[in-house]
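Labels A, B, C and D are assigned to the chains in the order they are written; within every chain, residues are numbered from 1.
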Amino acid sequence: MKTLNIGMIGYGFMGRTHSNAYSQVNHFFDLEYKPILKAVCARNEERVKAFAEQWGYESYETDWRKLIARDDIDAIDICTPNNLHKEIAIAAAEAGKMILCEKPLARTADEGEEMCQAIEKAGVLNTVWYNYRRVPAVTLAKQLVDDGRLGRIFHYRANFLQDWTISADLPQGGEALWRLDAEAAGSGVTGDLLAHCIDTAVWINGPISSVTAMTETFIKERTHTLTGEVTKVDIDDACSFLARFANGSTAIFEATRYARGHKALNTLEINGEKASLSWDLHDLHRLQVFDHSDESIIRGWHNVHVSDGDQPYMKNWWVPGLQIGYEHTFIHHVADFLAGVAKGESASPTFREAQETQIICDAVLESAKSGQWVNIPS
Amino acid sequence: MKTLNIGMIGYGFMGRTHSNAYSQVNHFFDLEYKPILKAVCARNEERVKAFAEQWGYESYETDWRKLIARDDIDAIDICTPNNLHKEIAIAAAEAGKMILCEKPLARTADEGEEMCQAIEKAGVLNTVWYNYRRVPAVTLAKQLVDDGRLGRIFHYRANFLQDWTISADLPQGGEALWRLDAEAAGSGVTGDLLAHCIDTAVWINGPISSVTAMTETFIKERTHTLTGEVTKVDIDDACSFLARFANGSTAIFEATRYARGHKALNTLEINGEKASLSWDLHDLHRLQVFDHSDESIIRGWHNVHVSDGDQPYMKNWWVPGLQIGYEHTFIHHVADFLAGVAKGESASPTFREAQETQIICDAVLESAKSGQWVNIPS
Amino acid sequence: MKTLNIGMIGYGFMGRTHSNAYSQVNHFFDLEYKPILKAVCARNEERVKAFAEQWGYESYETDWRKLIARDDIDAIDICTPNNLHKEIAIAAAEAGKMILCEKPLARTADEGEEMCQAIEKAGVLNTVWYNYRRVPAVTLAKQLVDDGRLGRIFHYRANFLQDWTISADLPQGGEALWRLDAEAAGSGVTGDLLAHCIDTAVWINGPISSVTAMTETFIKERTHTLTGEVTKVDIDDACSFLARFANGSTAIFEATRYARGHKALNTLEINGEKASLSWDLHDLHRLQVFDHSDESIIRGWHNVHVSDGDQPYMKNWWVPGLQIGYEHTFIHHVADFLAGVAKGESASPTFREAQETQIICDAVLESAKSGQWVNIPS
Amino acid sequence: MKTLNIGMIGYGFMGRTHSNAYSQVNHFFDLEYKPILKAVCARNEERVKAFAEQWGYESYETDWRKLIARDDIDAIDICTPNNLHKEIAIAAAEAGKMILCEKPLARTADEGEEMCQAIEKAGVLNTVWYNYRRVPAVTLAKQLVDDGRLGRIFHYRANFLQDWTISADLPQGGEALWRLDAEAAGSGVTGDLLAHCIDTAVWINGPISSVTAMTETFIKERTHTLTGEVTKVDIDDACSFLARFANGSTAIFEATRYARGHKALNTLEINGEKASLSWDLHDLHRLQVFDHSDESIIRGWHNVHVSDGDQPYMKNWWVPGLQIGYEHTFIHHVADFLAGVAKGESASPTFREAQETQIICDAVLESAKSGQWVNIPS
């Protein structure tokens, strides 16, 4: 079996999901390649060392430039806050490393474009961790749409609702709360949550042609973790937008961290002439399918428990009826990435594909400021 | 339009549901007959008079024998406590009246047998108000089974769970609480709740051949409303039983008034070789249908909103998507009864059909006492 | 008991729901007034006569002006297509009749304003049939918000999704399909469906201050029933909009008749600092309640079966656990209207309150045309 | 970190779940011990070697006696068909190895008793893999009951419904289908499925005092994989029983492999005076909780998404809202086992605790034969 030496930068929540994926993938997928946890990198030596021990990394670094410079690293996995994505990705590309970059690709489409050009110039394999594409139920939704089972598409709707920032006592910034700091994150829910919804939507339903958006920041000031000062909150706490897809369908999207009662209500629904589909991350192993061709007296939404061997990825897991969880989406992503390596192909979404989401996020934020519809260049 | 003069005995909860059914049926069903609320009868004159006014009965009586003796009454509707069913029904039959009797038919199979013989001798049209047969979703279930869509049946299960008698402070007996008094009711949950489940089960899945049962009385003594004395509770608070059907399928049934959180969880599920069905009174307008012939990747329970015009009874109501409620089951029953009158036929279940449920209830109670399996004569 | 003589104009779907409400209200509600079905009016004599017989109207008319002129009519109920609302309402007001007008109040806010002024000048009692306010679960939602249980409101979302016009073979116009004819209806889903969502939203969450909207007509031409010609479809098949409420919360709304799988998915959700609520017409007897004050280990959405006597309107119906249906919302409305008559007060929403919805609908349609945010005058 | 050398016997479905658990546990749980995949044992050398490579076992054996004889093995994990449990367990105990045995403990209570005595004599740490105890929602249910939140318990009900043996073409026996062979499995659904339900029930609700049961074998003959002959099927395809618990509550249990539409519908419900709980393996991350102390107007079943850090085991995983899956139950079991090793204590259920389930399974099968109630010795 061939090995692929991984050097991961960052050890936060995503560092754990990725490390787990590398550890698990060959137990369940039959692949030519096996990822080796060669090194993990972060600034805090004590903590990065502990992380390396816990996950079995062979070594650690405290300077990401040194990691990239190492000859024994084949692929760089970027799990840092968003503000570091660009610099690291470009350096990694220039060093000829494959790159697996956490989403969103960047803080802005401009940053993303630089990154795309860098990897295209370097010709390195690359992917962006939009993991929800690889929830089996979501992959199945894509497959059903691609097979033409929905017919003409009329509507798409998606939301990503959370409730973890409602307390005004929550500070912003720092290692734990960089997602509330616009400098580190680029934006609030738009880049963090809507980016997921947009990535999935465009993947399933094709290009978005125009948007009109609204953002809101409910808590205007929060103590900043790094300074201890009460400072203005610059991120969007909530964002919703209307959209038109190139295929003529219309859409609504919404994300917020102020929807009491929803921890991670990431949903999608797509309505076609012949069928409709609906999914919710809170029960990620289920896909709701309405098939108008069912006989009328027993027609109704099928509550599909996506755990059968003929459904995407599921033959690699347990037996029908037994569900997998959140972390498995990352394992699927690594499996596809490794299969791609064997063929010399990047796993979707590539940087260039993920850049489409950046462009739409920028358009959404621009529209929210201007109050105007913004067209997405095709 | 022909008229059918109704004389109703009793004005409790069931008196209201029946009166409503008579009032409503011709607004929604196209029938040859129209029921006329001719008279209502109960011992308390003040209250029966008020009831008559509220529902538009033309007259009232305080002695049911007088009601039966009246020439202007075509049909007697029996809504009294169970201990009066037999005497009234036999008198009504002897007077040549049609009879609509609340369920259960009687307190015991012996009483029921006398009643059956009386109406058969008299040759009068008759029916027993097992209203849940006429929930559109339940009627649809029956239709799907009869059409052979389930194939060989393996399992049936049903329960009827309530929680209204958990408090030890609740008294027993009297007008409001006769259901807790074995003398008035015959039994507890067996006759009150399981009788419904059994009626539906036998209707859908055919004869039951044997049972083994268990009953329990959790609160052993309660104040009796009529005497003010704390006396032994003689009813079954809970009853469950295993059963075998003549068609080879196996079943479990359970009823209780001590299932905290369930007000009226009346359910049925039937598993066949080719399909399965499931229903719950708490959402009575839905039928869950699993059709194994669905393509495997989108196979799942259909959540059918039974509100389309091609589903039982629904073309008489509103438009697809708009649900009806509990009371409509009685309207459907009256509609079928009146259609039967036009053809000289009784509406199901007849006394004789309802007697089958009495026999099974008796067997269940006998088994609960003896701890033995009891065979049901076929 | 005092009587209130009703003269109803129109006998379509709404004519049935209203007639039923008048027939039923005194069976279940204790009121000073009893509505009398005095006359129904429509142009087709044969059919209006049959309708009058079926529902027990004492008489019929074929000219609505004659109906209004009758001295024995106390209240005019307008169930016609929207294009007749204004003329009839103004005439009825001038004749001093109470008015119950189907929703939407009018085709446009200009029409609505004329109507408001007419009834205000005449000083007649009035109401508009936004029946979904009186689904017990929705009324309960209003009560919970008014009691301050949600705290600061962050988000509101509502949609009304149907699928009955997907077929390109469906014609437009005529008696059955006037809702697809802009001349008769004023608009498509905006006036038909979103008007309901807006009425409920403003009632529960207060004034809307601005909107940006998008409409779409998927089937551009349909055969017109009256002419037999294929003509342009002028209504909006789908409409969605973003909104800001005066209380600082943000909202998304969507309606369509092209959402395959949804017959009448009329939903609302409201997210507050302390609690959230969610409701769906497809299971109208349930309210989902998330109460953040619940202890954390058992915190989750309460699936509330709104059938208990302490919940709105339910003490008038059956027993806990037994659901009511769609038609009951109209009965509740009549009950409230009659209670209002006894006190000389109009039942909400009055024409003036319903005019707020007209203004918002106009703003939505204007925004859909201009692509701009439109402010709602406060 | 201390190491614990594992020697696993068997490499089927359970071999995978256990191997995964050993691989994963230290990534997520902070423990003194780390399991080492020292050796896996099975008769087929080619396949056991491949399995060892896939999961990272350091070595393999083809004779379990050799495995037990190895000095470098601390704990024996028994994943064989049930007919080998006894012999292996006794040999392992005599060799002084810790033992982790797949459920059910044995084919019969007699076998189980011998095993219990062997491990008790040897004084070795031991546990039986009743993994569903460690679904976080189930563990939470246990915790809520133990805390007295349900008050007096009235009812327990559980079922385990599958549909994978409906086809008459399915053979019996052999490596893949030993669960259909009574010689290898001991019984059918009783030992395979009901054993799970019973283990959980007794753990949560205390001892069962008596049972009455019914079994059925729907397909009477199947081709035997090993012989190619059509032979009698000796297992129970379906089994249901009524039970009484020592605490006075009543119960129904059912398991089958003929419930079309259910892949692994493993449920439990418990009704207490003050609260009720309900759970279903098909959505294993949810617990339904009804708390009668909730205010009446918002009282309803809480749909609890068991993914918060204060719920059992969940602080070791991701973030609130993100679900785990089936395999994690085994990881939790290993975590608890290793924590026990550090303290010199066995993890529940021990052999002796699992023997209680054997005794009840025997009583169930005896009752199904005799048609009599069978008492469970306390």
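The rule we apply is simple: a contact is a pair of C-beta atoms (placed from the backbone, for glycine too) under 8 Å apart; a residue touches a chain by one contact, two chains touch by 3 or more.
Given the structure is predicted, the values throughout are model-derived calculations rather than measurements.
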| item | value |
| --- | --- |
| Chains touching both subunit B and subunit C | A, D |
| Selected pair, greater C-beta contact count between A-B and A-D | A-D |
| Greatest separation from subunit B - chain, by CA centre | A |
| Whole-Å gap separating subunit A and subunit B, where each centre is the average of the chain's CA atoms | 55 |
| Whole-Å separation of chain centres (CA-atom averages), subunit A against subunit C | 41 |
| Between subunit A and subunit D, centroid-to-centroid distance (C-alpha), Å | 36 |
| Set of subunit A residues in contact with two or more other chains | 262, 301, 305, 308 |
| Partner subunit C, residues of subunit B touching it in the complex | 13, 16-17, 19-20, 23-24, 26-27, 54-55, 162, 164, 262-265, 281-286, 305, 307-308, 318-328 |
| Contact set on subunit C toward subunit D in their complex | 140, 143-144, 287, 289, 291, 294, 296-305, 308, 310-311 |
| Sites on subunit D touched by subunit B in the complex | 150, 154-155, 157, 161, 163, 166, 212-214, 216, 218, 238, 240-242, 244, 248, 250, 252, 254, 256, 258-262, 271-276, 290, 292, 301, 371-373 |
